[in-house]
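The data blocks that follow each hold one structure.
Shared between the two complexes below is subunit A, which has subunit B as its partner in the first and subunit C in the second.
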Partner chain A sequence: MAPFVYSTLIISLGLGTTTTFASTHWYLAWMGIEINTLAIIPLMTQNHNPRAIEATTKYFFAQATASATLLFAAVSNAFLTGEWDILQINHPLTSTLTTLALAMKIGLAPLHSWMPEVMQGLNLLTGLILSTWQKLAPFCLIYQIQPDNPNVFITLGLLSVIVGGWGGFNQVQLRKILAYSSIAHLGWMILILPFSPPLTLLALFTYLMMTFSLFSSFMLVRTTHINSLSTSWAKIPTLTACVPLILLSLGGLPPLTGFLPKWLILQELTKQDLAPIATLAALSSLFSLYFYLRLSYTMTLTMPPNNPAGTLPWRLNPQHNTLPLALTATTTIFLLPITPTILALFTS
Partner chain B sequence: MTPAHFAFSSAFMLGLAGLAFHRTHFLSALLCLEGLMLSLFIALSLWALQFDTMNSAALPMILLAFSACEAGAGLALLVATTRTHSNSRLQSLSLLQC
Partner chain C sequence: MQLIAKLIKINLIAKLTFNQALTQMGYRRPGQPREDKPPWWRVKFDLSKGLKGMKRHFTLLKEEFFAQFIGPMGKPIIEHMLEQNQVLWEFRGPHSLQEWTISCDREIGGKSEIYLKVGRNNETCLLYGTLCSDPPKDGETRYSGYCTMRAKQPLASFDRKRYHDWSSFNTLHLRIRGDGRPWMINVIAETYYTHQKDDMYSYFLYTRGGPYWQDVKIPFSKFFLAHRGRVQDDQHELWLDKINAIGFTLGDKADGPFQLEIDFIGVCKDYAHTEDFAYEKYKRNPEV
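On to the complex of A and B.
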């Protein structure tokens, strides 16, 4: 892609999210989200192959519908209560409609069906932008909705955790696995939103770090399928040692960072007398742990059934910058011991 | 719910149902999307007409600009789909199934 076009699109992505972050009026927030959608569509169609075009089409329809519903909820709120302020969604109908529209934007169950297929059709870099940057603007808006009735959020969250775990069970394509893991993690974030918004931010931050490191690892060894993952141990052996830790952190095992949000969320849910829901969420995240374990097993604990001496690849220098991967992998693995500091950072 | 609110709400819901349940053609989905945007345009114009001041009179025009951009992007995707899948039927978008 021509550098001028590419930089315009990247800057527009930044502009859209910044506009939504800076807005207090629903209309400006909607404009920022629209700019984000329009800017990422050419990025998704860079490689002009049928899968990318199909993924872009599905993404376009899902996002356009969700944006239109979001604006409809804002206009209905204006007609019913006269308020355009983001913090003043008081009418139950418009608050629910806004939540559902934003849930479709980020891909929560039961509005998640576009997510795996869209991720499957894109290359890993665009998939990374899709699952990290594109979640920020809708999350900024979801964060500011103050619901008086937590049932919608609990339903969306629990359903997303279950669907994210169950849906990824039978997948061998890595991008679909990452999509389902994204759905599950977003479910955890939404689950705790009515009770403790700082924990939602904490979960979002750790999810961004973990997903970034996993995507970067897959980009470095150029793999999109479990088969090619199993033969990538010889390319960068240090990475082969780190990726299981990143995967187990995504699964939420102590003493890795991924345990932190899950632990605090379960603690907060129990304090709010929702222990059965906490149990269901914790048990459903075992599904996700199963396919993370399968990925780490095939990558590190097995040898593929071919002649290793004849198929070892050349170990060349990595082509792109490995500093972001180093930083995010460190954050993914080692952040649990400084939990009190992180809690003070997020809840002050 | 005022009659104006009911009018654009029902228009929006009909367009949304059309977008959700379309079966064959890509273009009919794009038309329903345009219908959604049109109902929102009418809603914002009715909102702006309720006041004497021109405070929110620019809102429908900005919506029109964004809706045109989105329609352009949708049509570009229609052309791209026809180029890669040789037709624009929605049943042919089945390459990425689980």
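On to the complex of A and C.
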């Protein structure tokens, strides 16, 4: 893609998200989200093959539907209450409609079915943008909706955790696994939102860090299938040793960073007398842990069965800058001991 | 009276819409009368057939559900990791022919013939017939002379499409015995838009006429995109995660009998083959 066009699209992505962050009026927020959607469409069709076009089309349909629903909800709220302010979405019907529209935007179950197919059709870099940057603007809006009845959020959250685990159970395509992982993590975030919004933010930032490091690792190793992970030891042995830790952090195992949001969310849910829901969420995350372990097993804990001398892939000089991966991998693995500092940062 | 007029109007609109749909549906042999019957009139409802079908579909659904607990695609992950070769179609008896369908230009009024039968000792399949390039005399068709064999689309429970996932492999491996004719191997991948429904990825299969078997290994990077037989300018590699079917076509304009014997069709992973795509993509601003 021409550098000028590429930079325009990247700047538009930034502009869209920033517009939504800075807005208090529903129209401006919606406009920011639309700019985001339209800016990423050409990025998704960079590699001009039918699967990418299919992914782009499906993404556009899902996002356009959600945007239309969001605008309808905002206009209905203005009609019913006379308020255009994002914080003043008080009517139960419009509040629920807005929540569902934003849930579809970010890919929460049961409105998640577009996500694995879309991720499968993209390259890893665009998939990374989709999983991380594109979640920020809708999350900003979800964060500001203060529902009276938390049942919608609990239902969406629990369903997402279960579906994210069950859906990724037998996947062998890495991008689909990452899509289901995204759905499951979003479920955790939404689950705690009505009770403790700062924990949602904490979970979101942790998830962004961990996903970024995993995507970067896969980009460096140039692999999109679980079988090709087994030859990564020949390409970058250090990364092969680190990636299982990143995966287990995503799975929420102590003493890694990923344990932090899950621990605090379960604690908060228990305090809110929602122990059965907390139990169900914890048990459902075992499905996710299973496929993270499977990836670790394939990548690091086993050797491929073929003759190593005859199977080494071409080892070209890496084109990517590895500094972001180094930083995010470190934070993904080592942040748990400074939990009090992080808590003070988010809850002060 | 008004109600009757309304019903007649609805019927007419339905017929017009249906006829319009018919013209867009696909090929209609020149000279053949247009079928005015809607599709649902052609279905024969049979309770016992329906009950057997329900039993079959629910059994398949149950198997699919429990296969999830074994591993990806019903195989343990260790098997998935270890396999470097997979035999997809192995012709060992008459039951193996049910997964294939044959066709020739007889459907459009041509004179070719094609037959498929099990080979000697139920060990192979034999595709044979006669090719004839004489076009049908219908005033419209100008070219003719093709014979083809194609695998049927695999179906899951309730006739949902199932796909072959060949993303662990990079080479097509066939064991065949031909008569020296050049065949075309077509791989049909899943598409999204209706205008892509005739897209297929093709490559040549040159057979030797000898009595000896021929092991043919064709990397998937060599397959080029064609639409209705016409090679496309905008080429891209074949994505192997959703394959619908594979087929063999003969259309070499050499009239006469032909034979192709197939032992098995499989896929394998050739680690020495690292090519992504064999053809240039003509990027206007290539990255340096």
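Criterion: the second predicted complex is superposed on the first by the 343 of 348 C-alpha atoms of A that agree within 3 Å, B and C clash if a C-alpha of one lies under 4 Å from a C-alpha of the other, contacts with A are read in each partner's own complex, and residues count from 1 in each chain.
We take it that a contact is a pair of C-beta atoms (placed from the backbone, for glycine too) under 8 Å apart; a residue touches a chain by one contact, two chains touch by 3 or more.
As the structure is a prediction and not an experimental result, all values here were calculated from the model.
In the overlay built on the shared chain, the residue A:A78 is in contact with subunit B alone; subunit C does not reach it. After overlaying the two complexes on the shared chain, residue contacts for A:R294 are found with subunit C alone; subunit B is out of touch. Contacts of A:Q120 after superposition on the shared chain: both subunit B and subunit C are touched.
In the superposition on chain A, contact of A:A326 is made with neither subunit B nor subunit C. In the superposition on chain A, the residues of subunit A touched by subunit B in one structure and by subunit C in the other are 48-51, 53-54, 57, 120, 170-171. Looking at the complex, you find that subunit B touches subunit A at residues 1-2, 4-5, 8-9, 12, 16, 19-20, 26, 29, 33, 36-37, 39-40, 43-44, 47, 59, 62-63, 66, 69-70, 73-74, 77, 80-81, 83-85, 93, 95-98.
Only residues 27, 31, 34, 37-38, 41, 45, 48-51, 53-58, 60-61, 64-65, 68-69, 71-72, 75-76, 78-80, 116-118, 120-121, 170-171, 176 of subunit A touch subunit B when the two sit together in their complex. Only residues 1-2, 47-51, 53-54, 57, 120, 169-173, 225-227, 230, 294, 297-298, 302, 304-306, 310-311, 313-314 of subunit A touch subunit C when the two sit together in their complex. Taken together, the subunit C residues at the contact with subunit A in this complex read 68, 71-73, 77, 80-82, 84, 165, 167-168, 189, 191-193, 196, 199, 234, 236-237, 239, 241, 271-272, 274, 285.
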